[in-house]
Every structure is written in C-alpha cells, then in structure tokens.
Amino acid sequence: MMVELLLIVAFGGSLLTYVLGKLSSRLRNGFALLNALALVIMIGMLYGQEFERSLPFGFLGIQFSIRMNMLSWFFAATILGIGLLAVLYSFRYMKGKERLDYYYFTLLFINASMLGTVVAGDLLSFFIFWEMMSWSTYLLISLRGGGKAIFAGIKYIIMSLVGSLAMLVAIVSLYTAFGTVDIGELAVHMQSASLGLALLVVILFSITFVIINALWPFHTWLPDAHAEAVSPFSAILSAVLVRKGLYGLFLLMYVILGFSFLDRLAVGAISFSNVLAWIGAITIVFAAFRALLQNDSKRILAWSTVGQGGYMVLGVSVATSMGMAGGTFHILNHCIYIALLFFVAGAIEHRTGGIRDLDSLGGLIKKMPVAFVGGLVGIFGLIGLPLTNGFVSKWLIYKSLILEGRPFLAFAAFLGTWGTILYGYKFIHNIFLGQLPDELRDVKRVPFTMAVPIMVLVVLVFLFGVLPGIPLSVVNQVGTYMGFEPLDLNVWGIPSESGTLNVVNLLAAIAVAGFLVWLLFKTLGRSTRVDQSDNYAAGAAIPRGRYGFTREFYAPLYRIVSPYVKDFPDALFLWIADRTKALGGMTRKIYSGYVGSYVMYIVLFLAALVFVQLTWSPW
Amino acid sequence: MRIVWLFLSPLIALVAGVLLLGLSRKIMARIHWRYGPPLLQPVIDIIRLFSQRSASHGILFDLGIVVSLAGSLIITLFLPFGNIAPLSGSGGMLVILYMMLIGPLGIALSGGESGNPNASIGISRNLMLAIGYEVPLLMVLLAVMTRYGTISIVEIVRVQQASTWSIASWPLVVSGLAYLLVMPAMLGFRPFEVVQAPQEISSGPMVEYGGSYLALVSIQHALSLYITISLFVNLMLGGSGNIVIFLFKMLVVFVLFLFVNAVFPRFRIEQAVRYLWRWPTLIGLIGLVLVALVGR
Amino acid sequence: MDRNQLIKWLEAPAKMGHKYSLHAVYFCTGCGIIEVPPSITARWDAERFGVLPTASPRQANLFLITGYVSVKTLKAIIRTYEQMPEPKYTVGFGSCPINGGMYWDSYNTIKHLDKYIPIDGWIAGCMPRPEAIFVAVTHLWTLIDKDMADGYKRYRKYYSQYRANQEKVLLGLEWPPLFPIEAG
C-alpha cells in the first residue's frame, strides 16, 4: 500500500496546500514542508522493495498498475529530495511575491506528477502523469507573467506537446500490436515484435525523451525556460524534471527492449545506441561553447544542464556496466550540484534585487560567504575536480569510453569538461571575485532557510565525492535491475583490475600536501590584510564605483567560436513557428468575413464543378 | 620504501623544477649574449620573497595559492619518475589530467580575489590558452591511451620500455608531432607567453602577489614545468627505468623548448588559440584517426 | 662565492636574499629611464647582479627614481612605494631627484624627494651611466649588510610627518594612511 499512499499524499498534499493557503500563509508553508518531508521519509522506507501491482480502476478498459523497483526508487528519491529542499528554499525566496498559494500548489503538483511517472506500471498512466507534469511545468514557467515568460512557456509547451504526441502514437501502436500497455508484459511481448514496429516505437519514444532531456537539437526550450522560471523551480527543472527523459530512455532501452533487441536495431555501424551517443557528444560540446557566450547567471547554468545531459547519455549508451554506472551516478551527482548552483544563483538574485547579469556583479565573496562556498563547490562538482562527486561519475564515463575504444566520444566528453572550466570560472569570478562595486556595498548575507539547502547540498557533493562507494552501491542495484553486471566496489572507489580508482589515496595526499604547504606558508610568510582599494593601478588610486574586468570575459575566444556555435536548431524552430503563423495569416485572408467573398467562393467552386463536368464529364 | 618515496618524489620534483628554472635563466642569458645570473638565482629569489612582508586580499587569496601548490605537489606522486610512481594505482591518466587543473584553478581563484583587472585579464587569457592547447593535447592523450588500451600511465611506460618509444612507433609518431607543437603553450613559453605578459598586463594573475605569495607561485611554476615535461617524457619518450636517465631526458626536452622560447616574440591570445586549433589540432586529429584505424 | 659569503648565507639568509635579489619596479619618471633598458639587456646585463625589472610594485624591493619628479608623478611614486612589500630600498637616480637638478627653479618639480618618501641612496649625474647603477647596487649591498638601508623603517617611524608633507604638496591624497597616524 505504500506506493499508493505515496501518490495520495503527494497529490492530496498539493491540493491541501492550496486550500490551506487561503486560510493562512504560515499554515500553508508549514504544511508544504511537512508534506515534502513525509514523502522523503516514505520513499526512504520503500528502499530495496520490488513489486508490481495493478490498481482496482482503469481507463478505456486498460487496467492501471504501479511498480516499485530500484530504478523507480532511485529517480523517486532524487525527485523528493530536491523537492523538499526546494520547498524549504522557497519560503524566503518567494516571500512577498504574488500568487503564492498557486505557486506552492503547482510546485508540489509537479513533484507529485513526476513521482507518478516513475512509479507508473503501465504506459497509459505513465502518459497521463507525463501530461500532468508537462502542463503544470508550463504554468510554473510562465508564473512571473509578461511577454518573455509567456513566450518561454509556449516554447516549452509546444515542444513538449510534440513529444507527447509522439509518445501517444507509440503507445497506441504498441497497444494495437499487443493489446496491452503494461510495462512488464510489454517487455515479454517485445522480444517477438517485428523490427519495423520496434524501430517506429523506439524513434517515437526517443523523440519524446530527447526533447524533455533537452538534448541537441531539441534543447532550445531549456535556456529560455530557466531564464524565466523562479530559482527554486529552476533547481527542480534542471535537477530532476529534465532527467525524466533519461528515466524514459532507461525504461525503453533496458526494461522494455533489453540488450539483445537493441543490438538487432542496427544497420552497419549506425545503431540506436551509437546515434544516441553521438547526439550526447554533440550536445556536450555545443552546450559548453554556448554557455561560454552567455552573460546571465541562470542561462549559463541552463546550458550546463543541457551539456551534462550529454554525459549521462554517453555513459548510458556505452552499455557496459561501468558506463551505465557512470551515467546513472551522474544523474544523481548532477541533480545535487545543479540544484546547489541554482539555489546560489537564486540567493544572489534575491539579495541584490534581481541582478542576474554577470557584468554588474562582483566581489560578493565578502558579503555572501555561504553563497560563495555553495557556488564554488557546485562549480567544482560540475567540472568534476577530484574529491567532488562529479569526478567519480565522469571518471567512470571517460574510462568506459576509452576502454570501449571510442576515442572520439571521449574527446567530446573531455572537451566539454574544459569548456565547463571556462564558464564555471566566469560564473565564480564575475559574481564573487574582483572588486565589490559601490552599489553592492550593503548586500546582506543569505537568509537562514536559503542557506540550509545550500549547505546540505555542499556536504552531499563532498560526501559522495569522498565516499563514492555508498551511492554507487545504490547505482549498482539500479544497474542490476536493468540487467548489468554489478561493479566491483568498496567504500572509497573501484578496486577492479581494469583500472582502479581510490579516492582515499587522493584525499590523504591532498590533505597532507595541503597541510604541509599551509604550514610553510604560515611559518615563513607574513602578510597584512589590505582593503580592496589598496590595489595596483600603475601608481594611481583605483577609481571608485566599478573597477574590474568582467565584461566580455573571453572576448577573443568569442570572436573565434561564435560563428560556429550559432544556435541553429533554435533558429530553425523559430523559423518554423514564424512560417506557421504566416500560414495562419494566409488562411485568415481567405476567411475574410465578407459575405460577398464567401458567395464568390461558392460561385467559383460551382463554376469549377460545372466546368469539370462539361469538359471531362466524370459524373 | 613506498612511504619514503611518497615524500621524496615531490622533493626531487621540487629541486629539479627549481634547477630547471635557474637553468632556463642562465641559458636564456647565454643565448642573448649575456653572462646571466647564478644557477641558484631562483632559490635566492624565493628566500628573499619569503622574508618579505606582503599584502593579502582575503582568505581565498591565501587558500588559492596553497591549494594550487598542494595540487601540483600531488601530481608528482602520480607521474612515474624513473621506475617510481608511489600513487600510480589511483586512477591513472584521468586523475592526472584532472589534478593538473588544480594548479591553474587555485591561482585563478586567488588571483581573482585580488580584485585587480590585470589579474582577471591574465586569468581569462590563461583559461583561453588552456582550452586552446587542450584540444590537440586531449587528442594526443586519447590516441596514446587507445593505442595501448589502458588508462594507467605506468602501464604505458612499461609497454614502451618493452618495445619502442611512442614517438618512434608507427601511428603514434603523428600524435607525437602534435604534442611537440603544443608543448611551448603548455610550458607557457614564447610564442605563447600571453598569460603573464609583464609589459602589457603587469604579469597577469601575479600582479598582486608579493612576498610569500610570489614565492609559492614561483615554486608552483617550477613544479608545473617539471610536471609538463615529465608527462611528455613518460608518454612519448618511453619514461625510463632509471632516475638519472629520466632526468636527463627531461633536461634535453626542456633545453629544446628553451631554444624556441629564446628567439620568438609573442602571439596575441587570439592568434595563439587560432594557431593551436589549426595545425596541432589537425595533426592530432590525423593521429587519432590513424590510431582508431590501426587499432591496438 | 667565497667562503665567508657561505657563512653569511647561513647566518642571515634573509639579508643575503635581500642583497642578491633586488627586483626593481619598472617605473619611469623622467629621462633617466633611458639608461635602464641598456643596463638590463645584453650590453650591461643587470641580471648577473640579481637585479631584474618587475611589472608590479608588489613583487619588487628596489625602487629607482629615474629622473625629475613632477608633482603629479610624486603621487604615483608614493602610491607605488607604499604598495611595495617591506623591506624595500629606494635609490634616487640623477641630479633631479636629489635637488631638482636643472629644474631647480621649476614651480612643478619636487626638489627634495626625501621629504616625501625615504631614500636610501643617491646616484649623482645628469644622467648617470649604467655603470653607475651597478656601483649603486654594490653600494646598496654594503648598506644592507650594515643595516643602514633602513628607509622603510624610517617611513614607518616618521609616517605622520611624511604623510603631512605629502598632503601638503599634493593637496590631499585619495587613499587612507598606510599606518595609523598618532595624534599630535
């Protein structure tokens, strides 16, 4: 009963939050937090259980069913964990804004529907939950109102609708072929399916999942959506919502189809996983260079989300147990540090009065130390420096690519990481380092309820980086569920003979060397702390107000790469949208509204009929 | 024994690096027809710097330097040094690649905290130059790793010891050529000396460093010279089973690039990146394709 | 290096470091700077004395005031001097910094530089040849040896006077005092 209860609590909680909000805002906040907390506890109790059960009701004669296994559990845990932190973070962030009842309701509702997609046991209920998720996301993206927010929302919902339609067609064709949409049964039936049907289904489903996962060339909705969404929701969007695409791919590739079938879906070197891998590789490189060109803190993070999705797909499509573990672990890691980074960006936005432009910030390390630590650790995780969680998953992905003999894919992955360093440093530098401008002199610290989620995630980044064995054992179980060999593990890393990773050595070495150097520095060096105004400026006193190098941080590189990394897919989609609108305009010209012209159409039509009849006499 | 080497190999790297620095000043002077400073001039400078009282700009300003030097010290444990590699069993090339980031990143954070635009410009150039040379370098490294089918650098050295140096073996010679072309950029030698550029941006990231800060940065610089050359020797020139021969190989490589350094003027950063993304990348790509075709 | 040098190194490494690693700020005040390029390049090679030009005052410990000091330049000189880490040495190079030289009656030239910053030694001449720089450097070595190059200590000790003089001639400074100024 646990899973049903989970869904009831999730959906009921969101509705109740809305109702309570009408009574008192404190009550609403408290209840939202309690609800999120209860969900986390419940999912914790479900750890390790595996079952599938049909519900007593259905739709169109199809029995609904739910399932719980390690794959579902893994995704559900990330959803609910990030959900809890986002609710906590929202209290201060959203304070004083309008339509709060609506906001909390939608936030919790999205969480509930995402939870629904991962516990759905048949494709129909999966589809229904998926639609709920899409529509409520649309509502939350456009929450702020105004032309841009509406535009971003529309952009998202159109792409999402295309995806949903593709999925619906796939589900219907599966249903007509096998008469069932239950995932477990489909997995059995699919083994005897014809290749044509399988190809159709795979392509249709892939479109859906690639769109929601924001992979190239369907990434275009994500940057706009992030630029408009509120920060706590951005965290959810980037950390867990787009990763529903990967859940779908897992479901499709390894649960429904299975390895042996996937291998059959190949024409020479072009196989499904190869195509997917190359999409991932292109996504990584393209997103890294696009992120370099951005000047808005949240847009940078949005592009990094796009790029990191590429790593996961790379790991998943290699389809060795190491690559799979890397890809799956990267989902968890990415969800931790990207949520952290969005929380930090949101805190900056909150305290500076809505500044997100990286050219007008600077020097905030002195004013917001917590945000700085969060940002730094998040960027380190994003880059994947040793001792952060990103390192372990990226290590697994690189290693599986190299050992599988796919140097070009590995090259794309590496190059993406180096791009990440560039934009990650820009993010840190332009916000926190350099001179503090005059207008930011009295910025306050991060408020407590916003600092707590940030600190929790900081700890997690290091915890999973230093003790990768703990999360990897869960990841291993996910892999085993999908039919992969479990990796050989210990708490500190991977002691297998094909290449070991031992984080404890790294930790010890870094700690000892750091300590020794620090000792040297402290015993031999003497220094006095000086103010930021005491700075070398060729003998002049530094100018007051703004003094720093932030604008066009990588200008020479922009000039080199910008002709090559134009966002062609975005331009293409916008062009299509434009044409469609023009087509609509043309149709409207035909329906001019004058009775006279309608009469003329009818007369012309009749004349044509008469003409045809007289000339060829077909009737 | 392993414990001893854990502490000894960073020390040897430190000494070797500082000597290389001193040697470079001496050799440069002789190429310029000057007498040049004594060989130990870098040591004298470092002693002087440590005895000076300097200005600090904040906690990150201090920590960045410390982390950067510590990171550089640790890489020497992963790189085989002759027949010794105390920590080589902890992740191989991938860990080395990532650890090599810590040095520049530490300095970048600390330099950024100094709040000087010159420092920021220098760092931005440094990162751009890094992505410039990483593109061909990664191709070379992937070619080597794919060719030998391993990510362990000890393994790579062992295979070379058993057969021939990578740079003398068939498909890898192309990659070796690309590696040679990017080495000056990795060492920060002219024509790629855009990062410090004392004449235009007042030594870039180091503009606010004085006293012990500058001393640590000098040590880090010496170490990074050591690391870069040692990586090249290990990957391309077959490493060595013997410490003396290993150091000799390093010396030869270093002097070779010093000659390039002595006679060239400087690129602009844009020209540097364009160059790096043109010729070395092309050659590196050919090398990688060849390796992918020839296989193991 | 002879043997008593070695003993000196062991006795006072810091002092020897200061002696043999004099990094000069590359700061051009007057026409005297024209003698610096030949002295640091192949012809005279200052590097064999351990003298190197540096780009930023933070890295330097030697300040050569190479020529006449106008009131405007004085401000930059003070700023640069204050940013150099201690211990630091200043040498006035040419007649102009000493007493105004050929600008002795100019309204806009500082005649007594050591009223504004402490000077450890002077090189006379208009302009002195590069050899004179090396004579000065070796002379500075003996001064450091005998602890007589103590300009930076004087600056600390009499800072309030120096600051008062500076503010008087420059009509106020844009930066706060380097050291606390004792009242009266």
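Read from first to last, the chains carry the letters A, B and C; within each, the first residue is number 1.
Basically, contacts are C-beta pairs under 8 Å (C-beta built on N, C-alpha and C of every residue); 3 or more make two chains touch, one makes a residue touch a chain.
Small disclaimer: the values here were computed from a predicted structure and weren't measured.
S.K.: Compared with chain A, which chain's mean CA position is the farthest off?
M.R.: Farthest from chain A by mean C-alpha position: C.
S.K.: What are the two chains with the top count of C-beta contact pairs?
M.R.: More C-beta pairs are in contact between A-B than between any other chains.
S.K.: How many angstrom lie between the centres of chain B and chain C, each centre taken as the mean Cα position?
M.R.: 36
S.K.: Report the inter-centroid distance (CA atoms only) between chain A and chain C in whole Å.
M.R.: 59
S.K.: Mark out which residues of chain C touch at least two other chains, giving numbers and ranges.
M.R.: 56, 58, 83
S.K.: Scan chain A for residues touching two or more other chains and write them down.
M.R.: If we look for residues of chain A contacting two or more partner chains, we find 534, 536, 538.
S.K.: Could you list which residues of chain B touch at least two other chains?
M.R.: In chain B, residues 50, 53-55, 202, 207-208, 211 touch at least two other chains, as defined above.
S.K.: Which residues of chain B touch chain C in the complex?
M.R.: 25, 29, 32-37, 41, 44-45, 47-55, 198-199, 202-203, 206-211, 214
S.K.: Please name which positions on chain C make contact with chain B in the complex.
M.R.: Those residues of chain C that touch chain B are 13-14, 16-18, 20-21, 23, 26, 41-42, 45, 47-48, 50, 54-56, 58-59, 61, 83-87.
S.K.: Touching residues of chain A toward chain B in the complex: what are they?
M.R.: 363, 365-366, 376, 383-386, 391, 395, 398-399, 402-403, 405, 407-408, 410-411, 414-415, 418-419, 421-422, 425, 428-429, 433-436, 499-503, 505-506, 509-510, 513-514, 516-518, 520-521, 524-530, 532, 534-538, 547-550, 553-554, 556-557, 559-560
S.K.: For chain C, which residues are in contact with chain A within the complex?
M.R.: Within the complex, chain C touches chain A at residues 27, 56-58, 75-77, 79-80, 83, 173-176.
S.K.: Could you list, by residue number, the parts of chain B that touch chain A in their complex?
M.R.: Chain B reaches chain A through residues 10, 50, 53-58, 60, 62, 65-67, 69-71, 73-74, 77, 87, 89-92, 94-95, 97-99, 101-102, 105, 108-109, 112-118, 120-121, 123-124, 127-128, 130-131, 134-135, 138-139, 142-143, 145-146, 149-152, 202, 207-208, 211-213, 215-216, 268-270, 273-274, 277, 288, 291-292, 295.
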